[in-house]
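One structure is given below, represented as structure tokens, and several questions about it will come after.
Think of it as A, B and C in the order they're written, each chain with its own count starting at 1.
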Amino acid sequence: MKKLITLILGLVLPVLILIGMEVVARFELTTSQLFVEPKVIFETLLDLIKGDELFINLGISTLRVFIGFVLGGAAGLLFGTVMGISRTFESYVGPIFNALRQVPVLAWIPLFIIWVGIDEGFKITFIAVTAFFPMALNTCEGVKGVSKSHLEVGAVLEFNRFKQLSTIIIPASLPAIFTGLRLVLSITWMAVVGAELVASSEGIGYMMYRARQQLQVDTVLVCILAVGLTGYTMNILLEQIEHYFLRRRKVAE
Amino acid sequence: MDVNKEVLKLRGLVVPLALLAVWWIITKNEWVSAVFLPLPETVAATFVKLFLKGKIFVDLNESITKVAKGFLVGITAGFLLGTAMGLSSTLEKLFGPLFNAVRQVPILGWIPVLILIFGLTELAKIIFIALGAFYPMTLNTFDGCRQLKKEYLEVARVFEFNKPRLLWRFILPSALPSILSGIRVSMSEAWMLVIGAEIFFKTRGGLGDMMWEAKTRVQMDIVFITILIIGLIGFILNYVMKILENRLLRWRISN
Amino acid sequence: MTQRGTLDIVNLKKTFNVNGNTTPVLENINLKVKQGEFVSIIGPSGCGKTTLLRLVIGLENSYEGQILLDGKRINGPGLDRGVVFQDHRLLPWLTVERNVGLGLEGKRNGKVVNKEIVQAHLKLVGLQGFEKVYPAQLSGGMAQRAAIARALVNQPELLLLDEPLGALDALTRMYMQLELEKIWKREAQVTMIMITHDVEEAVYLSDKVVIMSSRPGTIKKIIPVELPRPRDRASYDFMKLKEEILEEFQLHAENVFSYAI
């Protein structure tokens, strides 16, 4: 019963918006050709689902995110771990890392375009760089946050560096690493749209860009829906993975 | 093992200086075309020239005005929605699902929609920036409003506090750390998005446009300088917010 | 006409619902407290002391029986009762001064008067000079004293203290007992009810020691303490009374033991 009320309350606003749009359409309150009825959006949605344009573009974007995510994420993980463990390493590269981190990611686009061009390389580089910084930062903080007493356990047991890392440091910083991953996922997903908006001839960002130029509001909205849904699905997937890895801790608490 | 602070600071300079040296050697020997990597001194000279000419202040002003407007609109809206949802579970159930659904769309995805609705106008850009600032502000405020521990609520009951005073004395102060970090995150988000807006909406004026122009004309020195300035301003904004946080949250510091 | 600050608990029964099961926590509680009396409640952990206090505060509202303050049934918390929680519960974002003045905020006394009242109470607990300090900067004993001042500011008829000194070290605790006695003497009208785990503390401070036993929580015995004040902890009578109370627990423990066999 309570769940039902929650559900209904959550649907109130979306339904109101749809009704509002329908009313505007019925009574022809606007002459703007930009305005589309909910029905039209729905039809476009069905059309696009039936065809493969949407899925191809979505697939391309997802692949780009995946590659950039893996490359940037792995680099960030490695960099962050080393920076978290070694004070010497941190003292050398920490300041420049922090300086570069201050640059809003979108500001790198022009530089990368000049250096790498506007091909696939650009998109991957850009996405990877946006993934790198938050990943490195979160990992580093996670590793630094490993409690002294846990490390001392390792020291008492005379673990070597590798053992210390694999049995104590990495597991203990796993929650922070997952926080980083979640952050990275949403940032890379934004980055791919950005990269495709400025320089691409395929991908969901490009599809939106083209639809916008052709004033196809319905297509743009469907693309938005698709992007949001894909991002959301990936997020859930990541959450499941996190849940799987951290499940034993939850019980222990 | 203990290296003192001075040494640590000096070490931080090693990598940047080495990079500078490499850069200088590469460009001096023309191993890389000056188009892709200008001489350090060219960049320095351009930097000085830009500031002397004063055009950069116009762009700077443009970007900052825009970000200020979008940011203020975004955090105000975020604060209101965040408190509303934090204080009333009915409102949370009403707004929460829509908010969370809309939030799933990467912010840059809204650009085509905004352009379609509002055209390439100032308003479109400000809404875009405001939207970016709105999400983290809402989330943080919402979170903050639920920070108040049950124990303190009992204190409020013992002193017969009414709703407004409960809000003012208990809920908002306990939410303040969260709200302030929301403001800080929103600010850096807004600062990134103003650059984004200037690039993606492809309109005149602002640092983002200056950068994009430089890219089109392959003026690498200007690209470098704009990145530097943008990064610097981002840093300063963040730093100022941190100081503000420390001042306002003095009560958190224990002896 | 009942006097200000008298508490009358008659046939009190309290149950908690946990996962659909009703467990009795307090049963058959009868207690009379006169104006200006200092009463200690002592009993094994989990016997329902805090629950009893929360009922008197008005934080728990469903119960059977009667809790009467000055002859009137208690209905929700009120400024006529001051509370000192075990964890001092000072608001970390307010200075000591503001914390102590919390109860005055709704009153239209004017700033100057409020300030004076706060000052007087800070003096009472010996915290002058710490007005602008935040709770995080106070020691445990100081925080507890600030909490006492905060509870007294509204001139409650009844001051309820839940293990106010429980978290303190032995020396500070002894010192705070002296302070508490001083405060109680100066605020002669105030009735005080204090929960404690410390038998010596109870004997030192109280006019009456209420001994509770658990499962469900009932009052096992009420022992009046008629030693002259200031009390001498080393005196024979003091020791004897302490022994007597400790005995109660001993017996209780044996009972549990034999029951187990």
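In this text, a residue touches a chain if its C-beta (ideal position, glycine included) is under 8 Å from a C-beta of that chain, and two chains touch if they have at least 3 such contacts.
What you see is a predicted model, and the numbers here were worked out from it, not measured in a lab.
Contacts with subunit A and subunit C are shared by B. Counting C-beta pairs in contact across B-C and across A-B shows that the higher total falls to A-B. Chain centres here are means of the Cα atoms, and by that rule the chain farthest away from subunit B is C. Here the chain at the heart of the structure, going by C-alpha means, is B. Our note on geometry: subunit A versus subunit C, Cα centroid distance of 54 Å, whole angstroms. Averaging Cα coordinates per chain places subunit B and subunit C 51 Å apart. The centroid of the Cα atoms in subunit A and the matching centroid in subunit B are 18 Å apart. Contact of a single residue of subunit C with at least two other chains is seen at no position.
Against subunit C, the residues of subunit B that register as touching in their complex are 151-152, 154-155, 157-162, 165, 169-170, 173-174, 176, 250-255. Looking at the complex, you find that subunit B touches subunit A at residues 3, 7-8, 11-16, 19, 36, 90, 93-98, 101-102, 104-113, 115-117, 188, 191-193, 195-196, 199-200, 208, 211-212, 214-215, 218, 220, 223-224, 226-227, 230-232, 234-235, 238.
Residues of subunit A touching subunit B in their complex: 5-6, 9-14, 34, 87-88, 91-96, 99-100, 102-111, 113-115, 186, 189-190, 192-194, 197-198, 205, 208-209, 211-212, 215, 217, 220-221, 223-224, 227-229, 231-232, 235. For subunit C in complex with subunit B, the residues that touch the partner chain are 57-59, 76-79, 81, 83, 85, 87, 89, 91-95, 102-103, 105-106, 134-137.
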